[in-house]
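Next, two complexes with subunit A in common: one pairs it with subunit B, the other with subunit C.
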Partner chain A sequence: MSEALKQSLDLALFWEYRAVLLSGLLFNAGIFACAGLAAIVLGLTAALMRLSRTRPLRWIGTLYVELFRNAPDYVMLVWVHFVLPLLLGFALRTRVEFHPFVSAVVALGLVYSGYFAETFRAGIESVPKGNIEAGRAVGMSEALILRRITLPQVVRRMLPEGLNIFISLFKATTIVSLIAVPDLMYRVSMVTQQEMQPLPLYTGAALTYFAVIFVVATLLRRAGERWRLGTLI
Partner chain B sequence: MSEPPCIRVVDVHKKFGALEVLKGVSFDVHRANVVSMIGASGSGKSTLLRCINYLEVPSAGAIFIDGESLGFREDHTGRRTPRPLREINRMRRDLGVVFQQFNLWPHMTVLGNIVEAPIRVLGMSRKDAVRVADECLRRVRLVDKANEYPARLSGGQQQRAAIARALAMRPKVMLFDEPTSSLDPELTDEVLNVMRELAEAGTTMIVVTHEMAFAQVSDRVLFLHDGSIEEDGHPDQVFTAPRSERCRQFLAKHLR
Partner chain C sequence: MSNWERLVWNQRDALLSGLGVTLEICFLAFAGAIVGGLLLCLVRLYVAPLRPLAVLLIEFFRATPIFVQLMWVNYVWPEILGWPNTFFTAGWAALALQSSGYLAETFRTGIEAVPRAHRKAALAVGMSHVQVFRRIVLPQALLTAAPSLVNQFTVVVKSSTLVSVITVPDLMFQSQKIVNVWYEPIEVLTATAAIYIALIFSISQAGKQASDWLRRTYGLQG
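Coming up: the complex of A and B.
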């Protein structure tokens, strides 16, 4: 085996820096959680707008979804971090700066809300209209129907697809190092500059990400399936 | 003064675009009466039933429940203002609806379906709601299925559960929209029997049906044709000596 290859598979260096490196994972997890929450809230709002009876709301919803679903997350990240503060600063006539963590949450939250909006919309449309009429017939308000009748069915139906979106979102959190959020990848580059040995560190990072995503996704998928099959037609 | 009719339908019109489905329908339903609405498909009977609780908003005309208008408020000068949806929702509680497709909520058990609205809409405690649900399940003979999900029930059982769900709101009137039309013939009887028992117990009912056997035991039969009431009378009269020729033809086809 060549020396370079041997070196790139030797995880001793990664292990040596494990505390510094793995604490970077907390940033990935934090951004994932915040952006995921934002994506769900914004996505549901956009989906409801797209399904609204009011035409202008439908237009805004469609524009929103198309805009963010088709924006590459890397471009969004850079744009939100560097351009958006300038625009806001110009509008508010003051200096605006985003903390990198905030930029990361906003950018990823927006992009992934576009995906969630479409999944929510398909899910809501798949709930039989009769289910909703039955709610109206017993005097339930539209908000109560959404909360008690529609969404519980939507969530069950979109679970597999939603899990895939969450996995993509977690993977996307690895690009936040580009705007200096000190996540795992960022710390790998920092240590690399000191040790001049990038290959084993990147291998370690790749394995770590893989392990985290694989384990969490598998557990969630199992739990989700069990819950879904228990109650769905 | 005598009490106002339970339901008063006054000159109700319903248009879907250019298509006029109801062309001015009026009738009253008094307490403890069972009214059957019959007629060919497309005659407007289901639309009429759906207009009564505003699942379809009438294009013109009015619906009164116990003398109170469902769609608008009238002040002492007679000026009408549309009722906000919140008030329509409140008044809808008085009208139980049983649908052709049952429309049970698939993510809740039978018991969950029944207690949902009493708890969330009427503000009943869970304990009280379960007690009411038990009583309703007994009436539709489905006590043993309380904890099943709808998907595990037969069509007849699902429809009986749907009847129990509507009864749990203690409505003033029960509206049935072709309750046996999507059931296999051998399952219609168990639903019709429950409906007959409700009728005997004094429940006010409006029933859209193709089951002439049920229409014959109701207090009154309305025959709809092309968006209007063509025949209105006691079943003895309607089934033996209909005044309208179309009603005669319809019955000839359906009474065999």
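Coming up: the complex of A and C.
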């Protein structure tokens, strides 16, 4: 038993494969960046639809948000990777296949856009009506009001919650290994099959993710808080 | 016979048994998370010598992705601790660990939100510290924590889909098994996604109703 403990804490094997594992972590970062961008754009669109004055748009926005906010990441990932290409294939009458990277970005982007939409909506609703009316009174267009008056306030207000969503999204990128995107977890399982030593590798992976997420999250929270307070007050 | 009938309706026994396993694992995991979270939170707040350990565990559970934790608990723990010895146990244990970190923070926020004066008043009328915690602090803390608790339960259900990876026969596992037999994923996977979305949507709606009701009935603040 103590032999196993020693083995799992001896991270030499993990260190030996550092180049392979690190390039796996880059896949996590890449998917995180692409899916995060997609989630923000889609989330803002959905939030604006939910707040629109046209009723059908509001319904579509609500349906979209409730659908993706309540879908488990892994189920969405599998659905997007195996079902969506078939449906698109029927519609376009050709054979469609998604690269695992694309499926990962689409699935995570959709799920997390649902969370972002709710955060954006709460942020937009918290902007005082008087600000928007003042914008209209001086003759700004709706798009200009959104860009110059609403969004700057929304971004500051939703920053803490937005950071939490980003952290969840980064954590969720670990499941892309299940559709064979060669990320850190995928490479860990490959090396495990080769070396037959799961203990140091899985412990190393857990510690690596913990270190990355904990350090980055703490730094971002601090920086974000300082920026938010510095500009608000 | 339509595909829906052949691939979904005729497989309903497998899918329902999978749903049963999903619910079972979620309830076990959540019960474990409540116990673990309360323990971690109490140690963090009231047991000064062990505070750094509690903080480290809370931060570790919170900052490690659930899939990584699941693999770690499943492969590494049995070798070191001799437990968990089944995939099912590893599944709920990993889910419970992750949520216990989040719930510890939820409980802490709840406990810290209880006004100091309440505690002092209770001590002044002669309650013991245990009584103060049980009768004054805990009920109010749970009231504050109720919405986050429900939210965390939906997170547990979402994460529980991953236990299929370590061959726990939950809903996701059963549905992928059907896909691997027929090679026709559209109907089964769509139905599975719909079941999960409906389940999680109902939990969060029911939770919203319940915590609104709790607040209206027992809440001090609106």
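Keep in mind that, in the parts below, the second predicted complex is superposed on the first by the 231 of 233 C-alpha atoms of A that agree within 3 Å, B and C clash if a C-alpha of one lies under 4 Å from a C-alpha of the other, contacts with A are read in each partner's own complex, and residues count from 1 in each chain.
Definition applied: a residue touches a chain if its C-beta (ideal position, glycine included) is under 8 Å from a C-beta of that chain, and two chains touch if they have at least 3 such contacts.
The shown structure was predicted, so the numbers you read here are calculated from the model rather than taken from an experiment.
**Q** In the superposed model on subunit A, is it clash or fit for subunit B and subunit C?
**A** Subunit B and subunit C fit side by side in the superposed model.
**Q** Would you check which partner chain A:L87 touches, where first means subunit B only, second means subunit C only, and both and neither mean what they say?
**A** Second partner only, subunit C.
**Q** Identify the partner contact of A:R148: answer first if only subunit B is touched, second if only subunit C is, both if each is, neither if none is.
**A** A:R148 sits against subunit B, while subunit C stays out of touch.
**Q** Students often get this wrong, so check: with C-alpha centres, what angle lies at subunit A between subunit B and subunit C, to the nearest 10 degrees?
**A** The vertex angle at subunit A equals 110 degrees.
**Q** Go through the superposed model and pick first if A:A134 touches only subunit B, second if only subunit C, both, or neither.
**A** First partner only.
**Q** In this superposition, which partner touches a larger number of subunit A residues, subunit B or subunit C?
**A** The larger set of subunit A residues in touch belongs to C.
**Q** Name the contact category of A:T119: first (subunit B only), second (subunit C only), both, or neither.
**A** neither
**Q** Touching A:Y202 in the superposition: subunit B (first), subunit C (second), both, neither?
**A** Touch status of A:Y202: second partner only.
**Q** So in the superposed three-chain picture, is A:S103 touching just subunit B, just subunit C, both, or none of them (first/second/both/neither)?
**A** In the superposition, A:S103 contacts neither subunit B nor subunit C.
**Q** With both complexes superposed on chain A, which partner does A:L67 reach: first (subunit B), second (subunit C), both or neither?
**A** Only subunit C; A:L67 stays clear of subunit B.
**Q** Upon superposition of the two complexes, what minimum C-alpha distance (Å) separates subunit B from subunit C?
**A** 26
**Q** In the complex of these two chains, what residues of subunit A are touching subunit C?
**A** Spelled out, the residues of subunit A in touch with subunit C are 1, 4-5, 7-8, 66-67, 70-76, 78-79, 82-83, 86-87, 171-172, 174-175, 177-178, 185, 188-189, 192, 198-199, 202-203, 205-206, 209-210, 213-214, 217.
**Q** Show which residues of subunit C lie in contact with subunit A when the two form their complex.
**A** Listed in rising order, the residues of subunit C that touch subunit A are 59-60, 63-69, 71-72, 75-76, 79-80, 82, 154, 157-162, 164-165, 172, 176, 179, 185-186, 189-190, 192-193, 196-197, 200-201, 204.
**Q** Would you pull the subunit B residues touching subunit A in the complex into a rising list?
**A** Subunit B residues touching subunit A: 53, 55, 85-86, 89-93, 95-97, 99, 101-107, 116-117, 120-121, 149-151, 162, 165-166, 169.
**Q** Please output the residues of subunit A touching subunit B within their complex, sorted ascending.
**A** Of all residues in subunit A, those touching subunit B are 128, 130-131, 133-142, 144, 148-149, 152-153, 156, 231-233.
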